[in-house]
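Read the structure below first, then the notes.
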């Protein structure tokens, strides 16, 4: 889930409520807040804690809430996890610390430190483009021995990696394996992944739920049709502008065009200017006609 | 196809003949020589030219032969392409030059330079881990306008990338899209890729052909079963030793254990020592029992 | 300056006082806290704010205090800068945000956002190995036009880069250019840098001050002698253990052996175990004999 | 030394002769051909061998000739080394193979393979931006135990690295340590490097020789003056155009403007177009006025 912002220091609270209800109405099986798409690392801690509380209140038990606690400072991760536990979240999600470069043994020690202190189950979050480190398949295997480490969200887009993890974890169907980039959700679920964490579901939740269900049940015809629309969204709406953040700008811009919430982005990112917004509006219309 | 070597400066010619016949007997639809798995960049030019000639002779038209001409020096690529054309090869394959770092416009100019001089159709070869540059989806689109550029082999293992390329090229069913790492062949073909270029097919060609056909026809049950075996090969046979080349050492070692050809590797790589060879033999046996 | 810690959530306050007095007694011209060596990104915000206040109190105007405010969240940077201003610090220092990957125009906008809101002058901090982005020489030039951006600390260790920045800024002697890694301080100052920010000065402040002064005055004989000792420290004390953090572990371990402060390190890093500590003690003794 | 080319497949032989005589007249202590600046990896092998022969003939013993043999195929390196030995070259220079990614033990084995077969002494060549691997200081130390490995050329521009190597090799004054980027030659020689390998010396050999001699003798006043001119060349002549190759385009363009040799560049690089050439001409004039 993206984080609706009124400005740098304030949530767009009405927008947050509309967004959550919109997403849940689309049938999603859970809500992941404060991930990369949620701009978590750009938000003040006050906003992060407030978002956890308000989201859990608005969701009110309708679906499980997963809370990103990725941080360079373990104590801040733990503080946020406490707020998550008190607010009724189901689990927390942590990518490796992303300032110092660690080796795999150091990474294992880091997760051990966390998990011994966490009040909620933990999902590992593989995000090498942002954290400069891969959680190697053998590291996932090692860490899965902790009862409180319950799954992995992989946002590497590297399916050779993901398939290796799935193979090594094939004896542990209770260990959840999710993929990040929506472009690869269909094929990953076809081969056994337990789900996708898709930014596009902020805009069109039902589309991604249906694609997941088609993939999980092996309905190739529906998979191909819906995956085709997901790829239209990816190539048309996530590629305006020249920087890495165009994906996020596209989603927030579209949500604003759809009247759901503000497209304000926290520093260091910025929402689209008028010119890109117009192109985005045209492409959004084109996508909507296919749904 | 790997390159059977008697030593640094000599092909293992009987091994080459056995290997080619073994692979073709497995039903493959084509043979790709002098790729990364073929250690092309480690071979003397004399051996490269000789391999092209001998392979085409041995294949003798049974399947199309694709010849890797990846080089930092365009004139050497062209020289090898001439040998390929004279020997009866079907096409050539070229990754970006891998010493100087290029921008996308420079990369386009490079391929334009090549294609204007090539006697055979060209496949692009995306291999960013080795060449330090991605052939961006829009660059593929631009280059596909040349009649003589007929496809792409993507070895990035990044399926978000590959799905974007497939989407952008969806109006060009005549432009062939192949994936490299065998770990992702099944899912890529399920979603529309035209084939896989799989190192493991040196050992077990029929397995990969059957997996391809199951995926192309949407037979999910067979896909899951055979993909499972492919992943056993990947996680058990390609991960001995601590360096990036363990995949290649595993394949060559297994071919030697199977009595097909020598496992000699050209500098800077080295075949497994006795200890790893023993572990590999045990794992090979395990895999064979599943086939 | 390193951050003396009693444990994950508590400063080693007596150690902090001893450390600051030890460093100032060595004659340093300023104190930089909450940099990479200060483990800033690993500390809770409570500790970061407390460290700023306590340091400024202990220093009590004897030397200027520079406060690192590097953060992925601009609002947290600004909050820390406010504490710095109220505590009497002289300036703040900010590396680029290190989670999202930015382009240079986005980076310029980021610093513009900061500088318009900062209560203190700002030093740019180039640290590409940790932040995944270089502050390009032309970006430094552009940003130097803001009155409140007063200098650059470069920790890239790339002296071709640093010399380009020095050349481009040669008309602005009021813009301070400092280098990070102590291994290159001597040569950088010889060619015009205004100073070094050296982790080793936590242990041996006078050595680094004397080396700086010898370099600034062009006394090559002293430079060579003292630079030789600095390089002994670098190659002997910063290279135990196998990970990138061995530099920091060496300094904290030595300060503990010297009786100055605790060697506790915040997660995700860890102090040396007994075995490395013994080797470090031997090498520390060897260095001390040369001083 | 750059490689003067008439076209993709032909040396500019009269230009080569003028260039060599121009450089030697400037007082250089040696000539390094077929390095990165010599576009070695872009040239056909026929041209590489021809260049070695012709260069040695033209030089005719006036200065030692060092020949780059960097290659992904060790047998081609050895073949070129044989030509170098027969032509009367003094030594060869080899960067790590740059297609497969190696670990340090594999890198050591690679150099051992080479050195056991080489007819001439070998310089190591550290060039991580192009080869994807650093020759770690301890690897240099290990390899220096071979009698026939006589030095290192470091083009990393990382002076922390270079100072560590100098410190580890300080007991071996017979092991030559050279730096690549001319922007850091002055400071490196001031602290003990044995020389620089400077692309700019193709244009202005006397300038770089004088700078080297000033640095070697500790004449800081001359160093600062001449280093300032070198940095003008770097920031004005090497930064036209937007790609990594602008340095090389600048040198070849200037040599053409000076009437010394052709500015043709081998694929995948291209010489400047008219517009950049005009800017370059103006900046060349400006530099010449300072000499």
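For clarity, chains are labelled A, B, C and D in written order, and residue numbers in each chain start from 1.
The working rule: a residue touches a chain if its C-beta (ideal position, glycine included) is under 8 Å from a C-beta of that chain, and two chains touch if they have at least 3 such contacts.
Molecules present, by chain and UniProt name: A, B, C, D = Dihydrodipicolinate synthase family protein.
Computed from a predicted model, the values in this text were never measured in an experiment.
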Where each step is a move between two chains that touch, what is the least number of such steps from chain B to chain C? 2
More Cb-Cb contact pairs, comparing A-B against B-D, go to B-D
Top of the farthest list for chain C, CA-centroid basis, is B
Averaging only over C-alpha atoms, locate the centres of chain A and chain D and give their separation in whole Å. 48
Rounded to the nearest Å, the gap separating the Cα centres of chain B and chain D is 35
Multi-chain contacts in chain D, i.e. residues touching at least two other chains, fall at none
Throw together a list of every chain pair that touches. A-B, A-C, B-D, C-D
Contacting residues of chain A [partner chain B, same complex]: 137, 157-161, 163-164, 166-168, 181, 183-184, 186-188, 190-192, 218, 220, 223-224, 227-228, 231-232, 234-235
Could you please specify the touching residues of chain D with respect to chain B in the complex? 8-9, 36, 41-45, 72-76, 79, 96-103, 106-107, 109-110, 113, 129-130, 132, 242-245, 266-270
